[in-house]
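For reference, chains read A, B, C and D in written order, and residue numbers begin at 1 within each chain.
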Amino acid sequence: MSILIGRETRLVVQGITGREGEFHARAMQAYGTAIVGGMTPGKGGQKALDDTVPVFDTMSEAVRETGANTSCIFVPAAGAPDAILEAAAAGIGTIFCITEGIPALDMVPVVAAVRAAGATLIGPNCPGATSPGRAKVGIIPGSIHREGSVGVVSRSGTLTYEAVQAMTDAGIGQSTCVGIGGDPIIGSTFLEVLQLFAADPETEAIVLIGEIGGAAEEEAAAWAATNLAGVPKAAFIAGRTAPEGKRMGHAGAIISGGAGTAGSKVAALEAAGFGVAGSPTELPQLLRDAGYRG
Amino acid sequence: MKIQEADAKKLLLAQGLPVPPWEVARSPAEARAAASRLLHGAGHARQVVIKAQVLVGGRGKAGGVRLAATDDEAEHVADDILGMSIKGIAVRKVLVAPAADIVRELYLAAVLDRAARRILLMGSAEGGVEIEQVAATNPDAIVRIHADPLLGLRDWQARELAFRLGLNAHLKATVGIAKGLVRTMLANDADLVEINPLAIVREGAGAGEERLVCLDAKITLDDSALFRHQDHEALRDPDEEAPADAEARRHDISFIHLDGTIGCMVNGAGLAMTTMDLVKRAGGEPANFLDIGGGAKAERVAAAMRLILAEPRVEAILVNIFGGITRGDEVALGLIEARKQQSRDVPMVVRIVGTNAAEAARLLEEAHFETAASLDEAAEKAVAAARAQGQAA
Amino acid sequence: MKIQEADAKKLLLAQGLPVPPWEVARSPAEARAAASRLLHGAGHARQVVIKAQVLVGGRGKAGGVRLAATDDEAEHVADDILGMSIKGIAVRKVLVAPAADIVRELYLAAVLDRAARRILLMGSAEGGVEIEQVAATNPDAIVRIHADPLLGLRDWQARELAFRLGLNAHLKATVGIAKGLVRTMLANDADLVEINPLAIVREGAGAGEERLVCLDAKITLDDSALFRHQDHEALRDPDEEAPADAEARRHDISFIHLDGTIGCMVNGAGLAMTTMDLVKRAGGEPANFLDIGGGAKAERVAAAMRLILAEPRVEAILVNIFGGITRGDEVALGLIEARKQQSRDVPMVVRIVGTNAAEAARLLEEAHFETAASLDEAAEKAVAAARAQGQAA
Amino acid sequence: MSILIGRETRLVVQGITGREGEFHARAMQAYGTAIVGGMTPGKGGQKALDDTVPVFDTMSEAVRETGANTSCIFVPAAGAPDAILEAAAAGIGTIFCITEGIPALDMVPVVAAVRAAGATLIGPNCPGATSPGRAKVGIIPGSIHREGSVGVVSRSGTLTYEAVQAMTDAGIGQSTCVGIGGDPIIGSTFLEVLQLFAADPETEAIVLIGEIGGAAEEEAAAWAATNLAGVPKAAFIAGRTAPEGKRMGHAGAIISGGAGTAGSKVAALEAAGFGVAGSPTELPQLLRDAGYRG
């Protein structure tokens, strides 16, 4: 098994007729993900990806016609919150929103409504997820992965690739890699993804990639301390040298009032039994040190 | 994006919040005229307060907030403040307002609470000081109320806030202000709307009537939402933005100036911070944080290079690209083009992996760039190059 | 409260909905002038449509909507319509608008759906006819979309509506209009905002461009919300409100005039309807529905009595009060006072039970009122009294 | 037992210091209802009802201090929707809103939010409920009741009193009488109250008092036909003589487009096994005819 996506994934790409949507849909399809439909309002009836995928006007139609259970959103920021709600209302259980630049306050009611509908939202402004050898949803390059049993969760994009590549290079494969996104308001937190990994019988070790700002890593560490006690765990925190009061990146992390520092996160993770790496390349060794033999 | 106090007050007024009158002056003469209107006009202020308009905090401690009782004094004080520089920012404007007769100072803010994924009202009975300080010394003094994510901030929640802040005598006013802060936040897509102090002031002559007013205002706008607030671009203060920052913004580059010698160009904020961390770990000091974002093309790469080289301290450049959406060959072409235009010769270490990395490697090799395979190696090489450059200079 | 088409269109315009221009005329000369501006002005309308402004339905069938191609014709048509009476209401105003070149007519309304406890968008591809008729003859033609009770009507829902109405070519316009209807509803506390027809019209010369516009508009406002819409009171059309209705409203009495001979005064709408039903069952005909509401005092009782007696057909009065909030003795005092002021002598049967019924009974007995113990008995007595009165007259 | 209220009811009266709130709170207390608190913002610390009941500023405080489980709202229309939400947020399970004249659109989000919070709302613009001999919440005169086993549900005020009085006069007692209110948007419908009665072992017969307008009576009848098949049922529908297109009462019922007529409701109720009365006084006999021996 894996979490969020796998062989049972039946994916609809929202915004499949756009430049980005089409490009990444192709890559997902090439990876082996079952793309059962696309959706772009007004383009219903067309076929996308070299005539292999039907396009629908609405998500309710897409779900009705294809039995889709997962969606991946590439629509522009102004329309993305609505696209998430449309997917949830249509009964999609797992929604990935790749779109960046969504105003944070738009996401407040959306996240609450998606939860109330019982769906899981990953993102926005996230790279998606890959369950190596099974399915890839989003924009993480498929080539960096290797099948295995380490669950990876990260709020960065390219830093995740760096860490995953380092693991793959060291012969350590992944069950699922999840990028939760770096926006202020996101659908699923570190903690929530760790809970999914904890329930997944195939995930035998955890890698957490965090950043300065907020307290989500600390929150996840506190939960992992008791709920993932026997599981090999390694982590990396970016931003040890970041100055206070400066926002690192567009929507990004900021240390303010002495809270959200790398030091606080590293301490919390170490206290919870994570081996904390000084560089992403050290993650494989830390997993081995923690007893991981996968 | 932070905006100036006077602009923040305008946004509050637009939502019907009680903000005492003010004027903005750009010269001692303007400040004198403004003070004169306030001291001798209908309001009959006994004193005026003159406040430096800068986006950095701590202006009070720096002497940027002072009182004046006469036109002469106002002109003199304004002259002083307009000559100041606070945390490196020259004061170019002052705000002139009637000095309030303050009975009690509180703190009230609406902030986006990332952890709770809701809007949070934070109130403190201790106003006039920084909330972080209260949080550290007297955490129980802070009242926290989350607005419902679907229903918004309801009256009963605002009343709860009022009672817990001991504002029973100003129940209606507190409800109005609390709801107004949330309205201001939503109407403007603000991350933060902070009133510090929110004050009970005595108005009119003698004992006067007590009223709750917003004496200061700080608003931070969500940059992601600027596309739907065309009027907000005018609130950006050109006086406070370094030319490099404006240039970075134009090219959609995320750039922060630091004090080291190794310029960094990276795609992705997390990887950019990691790159800085590894430079430091290898014994160097990063000269900047720079995220060229996703899918950067040659033109943006060249702009990033100009931003880095504009800092004379830079002695080496480290380029670290993990291609995903970004294509490695596009970045390589941009680097080659940028080096041609480059005004001074700074050693550069380039690492490009991921999408189209092989093509990039070929291009970089042909152009005789120094490359690195791993990020650790790249950081070490860049630090060594900077050292060599520093010693040569 | 129903409002006139022209006022409804103003409320739609205020929310940014596409409504073609119009003018309101109160005389044939005014209509001529309006038509002249539309026929010879910038818009160059080929024809104008002149529509009776009355709140009752069916004005089209009654001849209250007609076209005119010249100034003379417009004046003549307006003269005709302004002389009409539609379902008993004299036409005092006409609306003059350019006649649209209609490609297709649809129906769209936002209504309060009591059963679903949500706002319902109802669309039909068959416009220009009454929705009840479509519901009866072709129910599948009606598209129903509920706005989320917490998130409101979202774009995707409005798109769903557009696709199901075959408005693919007007996707954005449909979304804008659907959301605008809900906005109009919320901004004005309307129970109903109905566009019939919503039309695709050809604009400009020749083939022209096709555009979706609101050709007619019907809005019903929630009376309970008038307290927070002070501007809405001005939308009440005094021409259309009978003096009795205005009087009832002033006293907070719910009053509906009917055709029978037995006046009814009851507290509570359900009990008032039941009283009417029992009058009918006893062989009589109610002259009115009248609910004096909860907690009525003597003054309101007297006003209710005046309303009932203003109808000359009334031959008997049935008063039925079940005291809860309303105190029976207050009502009895009101009746005694009202009878003193009464202009004509009409037999009255009074039944008062519940709160303070014993006191009421004593008062009524002293004043020699005819009373009844049960509601059935009261109805029978009133019918008998009316018969006796009718025969005596 | 009974439904909604009973001996276990611990009531807070919201708006207890107002004229109406105080008047009816006294009557409820006199009936034997356990009024554990009152609430009026700004009057916290006072005592109401001759010093017997503490008044609180907020509902959360009232619940914390008194263990209240039920509330009854008498606050003016402009503040009533908020009062309902405050009660639900404080953990009150059963909320009666007596207030009339609340704008209908205000109630749309409130009803949805109260449901999401798992609370039950009766009203607004309703007379409340009485479980004879146990508790009375609202404004129904206590004197009209008699202890018994007939569940009464009505959307009228005084018409309910009329019907209940007729039953009591005939020696037929009630388990609970519920006035659901006549407003366009109400918290609990006929159907929802019938479902509560169906689950109550002490309710052995049903009386439903309806009016013209809407389709709530038909909806309830359809459910009762299968779910209350063996239970003696009687009904009364007001408005047989009401003309089409006229609104009967302030917020009241209206027949439009041929829907919502008394004829349609009577037919649906008779088809579902209700004996339908021509006058409220006939209800007792109809219950007897249906086999009720209580």
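The rule is simple: a contact is a pair of C-beta atoms (placed from the backbone, for glycine too) under 8 Å apart; a residue touches a chain by one contact, two chains touch by 3 or more.
It should be emphasised that the depicted structure is a prediction, and the values quoted were computed from it without experimental measurement.
Suppose you hop from chain A to any chain it touches, then on again the same way; how many hops at least until you reach chain D?
Step count on the best path from chain A to chain D: 2.
Calculate how many whole Å lie between the centre of chain A and the centre of chain C, each centre taken as the average of the chain's C-alpha atoms.
Taking the mean C-alpha position of each chain, the two centres sit 55 Å apart.
When the centre of a chain is set as the mean of its C-alpha atoms, what distance in Å lies between chain C and chain D?
28
What are the residues of chain C that contact at least two other chains?
Where chain C meets two or more other chains at a single residue, that happens at 150-151.
Residues of chain D that touch two or more other chains: which are they?
Residues 109, 113 of chain D touch two or more partner chains.
Once you draw an edge for every pair of touching chains, what topology comes out, line, ring, star, complete or other?
Here the contact pattern is something else, fitting no line, ring, star or complete shape.
If we use the touch criterion from the header, which chain pairs count as touching?
Applying the touch rule to all chain pairs gives A-B, A-C, B-C, B-D, C-D.
Help me check something: in the complex, which residues belonging to chain C touch chain D?
112, 114-115, 117-119, 130-132, 135-136, 149-150, 185-186, 189, 191, 222-225, 227-228, 254, 256, 258, 266-274, 276-281, 286, 289, 291, 293-294, 322-325, 353-355, 374-376
Using the touch definition from the top, list the residues of chain A that touch chain B in their complex.
Residues in contact with chain B: 20, 77-78, 100-109, 111-113, 127, 139-141, 144, 154-162, 165, 182, 184-186, 209, 211-212, 214-216, 219, 236, 238-243, 246-253, 256-259, 278-281.
Which residues, counting only chain C, touch chain A once they are in their complex?
148, 150-151, 154-156, 159-160, 163, 168, 171
Within the complex, which stretch of chain A touches chain C?
Going by the criterion above, the answer is residues 41-42, 44, 57-60, 79, 82-83, 85-86, 89, 109, 113.
For chain B, which residues count as touching chain C in their complex?
150-151
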